[in-house]
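The following pair of complexes shares a single chain, chain A, combined with chain B in the former and chain C in the latter.
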Partner chain A sequence: MLLEIIFYTFASILICASLGVILFKNPVYSAVSLILAFITTGMLWLLLEAEFLAIVLVLVYVGAVMVLFLFVIMMLNIHQEEERSGFTKIAPIAIFLGLVIAAELIALYWIQSDQFSGLESISNSSLSVDNTLLLGTELFTKYILSFEIAGFILLLAIIVSISLTLRTRKNVKKQIASDQIAADPKQRVRMVDIKRGEN
Partner chain B sequence: MKELLTSFLSFLDPQWINLIWSLFQIAIVTVCLILTVVFLVYFERKVIGYMHSRVGPNRVGPKGTLQSIADTIKLLLKEVIIPDKADRFFFLLSPLLLLIPALAAWAVVPFSPEFIIADINAGLLYLLALTSFGVYGVILAGWASNSKYAFLGSMRAAAQMVAYEIAMGFALVGVLMAGGSLKLGEIVAAQSGGVLSWFWIPLFPLFIVYFISGIAETNRHPFDLAEGEAEIVAGFHVEYSGIGFAIFFLAEYINMALISVLTSILFLGGWESFFAGISFLETSGFSFLTEPSLFWLLLKTLFFLFVFIWLRASFPRYRYDQLMSLGWKVLIPITILWIGVECVMYVMQIGPWSV
Partner chain C sequence: MLSLQSYLTLSAIIFSIGITGIVINRKNIIIVMMCTELLLISVNFNFIAFSHFMQDLAGQIFVFFILTVAAAEAAIGLAILVALYRNKKSISVGDLNKLRN
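Coming up: the complex of A and B.
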């Protein structure tokens, strides 16, 4: 009973938030709706006892990605009218794509529902074993190669994005802390004894 | 307590009794936290006062103890001014966006072996997620105020919080490796057995990094660039008055207390006693000194709160580029290096995990 109330509350919040992402005129409002959508998705995953995935979703998307999104939106100060102009043109394509995705999901669920029986057993076994522990052991034993490859690709992406944006400018006055600390006060200050009447 | 509730409300479903029981616990912790903040402010003003060779507040109540209550009443009664061009919705929402995660994070804090609101499996991750939440309150407050100063302040705060979160997360990875669990209760249990088996010795660099990034995360001195008075007036909350400002203030102090309590739990053995493991105390009449209890956790937390205030009274503010280079170029490499060292220690069976 309680579980149903929680589920339907979060599910309806999720739908409203997702609609908000595309319907709000102000891009900041859209971004905040997206954050709300991520959080409620996390809540729904928590109900499925996938606490690791739920918290990581919130941690990565809400904690890091959306902060940068909001940053950019606020900095650019996009005008609301310009943002909305292409909406009617894109809408048919978007609706079509949405229908295709929905059809795919329904097909997956109805036609191959027996494939999901394996998933249920995983969520049941997580009751006794720590969900995070289970994922960790799977990733680092069974799927170690693909995990390492994914990690390597991410590392590559980090290095490439840094090297693309890194500009070393010449003739920039920069603070060098070690030089400052090593400075000898005797060379910096000269004590002068000015005699009276000698100017 | 819970048995009493169960017998009293026996006509209800056990689910609902659990819900009521949780709400009761939440109410207790929240009220205690707010009272703590009230007296923490007084404590801070007194301590800084004495460090500056003045007396601090001494007018309201005996020795000025009621000063914070007077201030709170004043703030509650003040008019809430909403700037003309501000975004009303987010202007009013953003203080709450800062306060709610600050309070919600306390759900997984183990106060004593018996008392913890929600002992969830991924407690450490939950804390990381919740502390990263608070940044939205700051960003949206700055943006919604429609003021250049507030906006600059919120941009600074957000960049700072995102940067220091990484160092914080890596420090927590070290704790997770040493404790062997994401449950905070189990992390404390892994540190049982006296001062020498607490994690602050094998994880000393991570302990320091965690506390420094905690200070930066809460935007406290010497990292309070977000509200640098000299440059940007008061940063992201410059347009807030009355209760709005009070909520920002409350959230900042609750976050301070959270960082202090977490540092004690993760690195200083939480509720474990300072004297645990000293055999002559355990056998003689002083065995109460060696028992784990809430008192020890509060004592350690109070010490870290004092360090927060101490640092505020002692250090000048960092410059923004220095702050960023400290976060990215010093703290993060230290944590990564120490996680490597920890791996070696783990393999060589040196340290607390040599079972």
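Coming up: the complex of A and C.
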């Protein structure tokens, strides 16, 4: 009974927060609403005994990605009034589309519910196994190649973001070491014979 | 008792909210990216629910990799957005017709 109360509370908070993401006029409010949605999703993942991923979701998404989003929103200074000009015109189509997709998926789950009947929620808490330990063991043995590729993708993301946003300003007085090393002394210093008595 | 369907239904609702948000806010790239994050979260929710109810850890491993790729995607997308804003002083989708003709 307690699990149901927790689930329905967090599910309603999650749905309200996601509606806030798409309905707020100000992008900052949308981003804060998305943060709430991520935290609530983390709570629901704790209910599903995916403890490591719940913590990772809060740390990575709330701590890094959403801070990046908020940073970009505040840096770009957008006039949100003119951005929402087509809001009312397209809204009925969008709501219809969303309702159709939701109805299709939910009908799919509940009509053929006998296919889900064999799947029961079995708690791991009585088995004294650690979710993080299991995940790490799988990740570093069976999925080690995928893990390395994921690390490489993150490195790629770092390089791409830096190279996209790097600005080299002109008229900056800084040393260029390669030019200094390649300098030829014969071009820098000119020896001039000055004859005594002239000028 | 909470069944698998209740989790899947919640995930379907979040997914349709994300799709609706992409269509409604299609002028504003930042909100479209946030709605993409909502879609990814709902798919991850499906993976974790199935992983819990089928006692298989592969779903959680897959969510781990989806989180990695989504973080990289968000970083690169925002970097493109910043570079775009520096060049055009606008991030509206309607102004992005530089490749036309």
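Simple rule for what comes next: the second predicted complex is superposed on the first by the 118 of 199 C-alpha atoms of A that agree within 3 Å, B and C clash if a C-alpha of one lies under 4 Å from a C-alpha of the other, contacts with A are read in each partner's own complex, and residues count from 1 in each chain.
In this text, a contact is a pair of C-beta atoms (placed from the backbone, for glycine too) under 8 Å apart; a residue touches a chain by one contact, two chains touch by 3 or more.
Everything quoted here is computed from the prediction, not taken from an experiment.
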{"item": "Contacts of A:70 with chain B and chain C, given as first, second, both or neither", "value": "first"}
{"item": "Touching partner for A:140 - first (chain B), second (chain C), both, neither", "value": "neither"}
{"item": "Contacts of A:101 with chain B and chain C, given as first, second, both or neither", "value": "second"}
{"item": "Partner chain(s) touched by A:56 [first = chain B, second = chain C, both, neither]", "value": "both"}
{"item": "Which of chain B and chain C A:152 touches, first, second, both or neither", "value": "neither"}
{"item": "First (chain B), second (chain C), both or neither touched by A:32", "value": "first"}
{"item": "Broader residue contact with chain A after superposition on the shared chain, chain B or chain C", "value": "C"}
{"item": "Those residues of chain A which chain B touches in one complex and chain C touches in the other", "value": "52, 56, 64, 68, 75, 131"}
{"item": "Complex contacts: residues of chain B adjacent to chain A", "value": "13, 15-16, 19, 87, 90, 120-122, 125-126, 128-129, 132-133, 135-136, 139-140, 143, 151, 155, 158, 162, 165, 181-182, 321-322"}
{"item": "Contact set on chain C toward chain A in their complex", "value": "1-10, 12-21, 23-28, 30-31, 33-35, 37-38, 41, 44-45, 48-49, 51-55, 57-58, 60-61, 63-65, 67-76, 78-83, 85-86, 91-92"}
{"item": "Residue numbers on chain A that touch chain B, as the complex places them", "value": "1-2, 28, 32, 35, 51-52, 55-56, 58-59, 62-64, 67-68, 70-71, 74-75, 130-132, 175"}
{"item": "Chain A - residues contacting chain C, complex", "value": "3-4, 7, 11, 14-15, 18-19, 21-22, 27, 30-31, 34, 37-38, 41, 44-45, 48-50, 52-53, 56-57, 60-61, 64-65, 68-69, 72-73, 75-76, 78, 80, 82-87, 90-91, 93-95, 97-99, 101-102, 105-106, 109-110, 113, 116, 119-122, 131, 134-135, 138-139, 143, 146, 150, 153-154, 156-158, 160-161, 164-165, 167"}
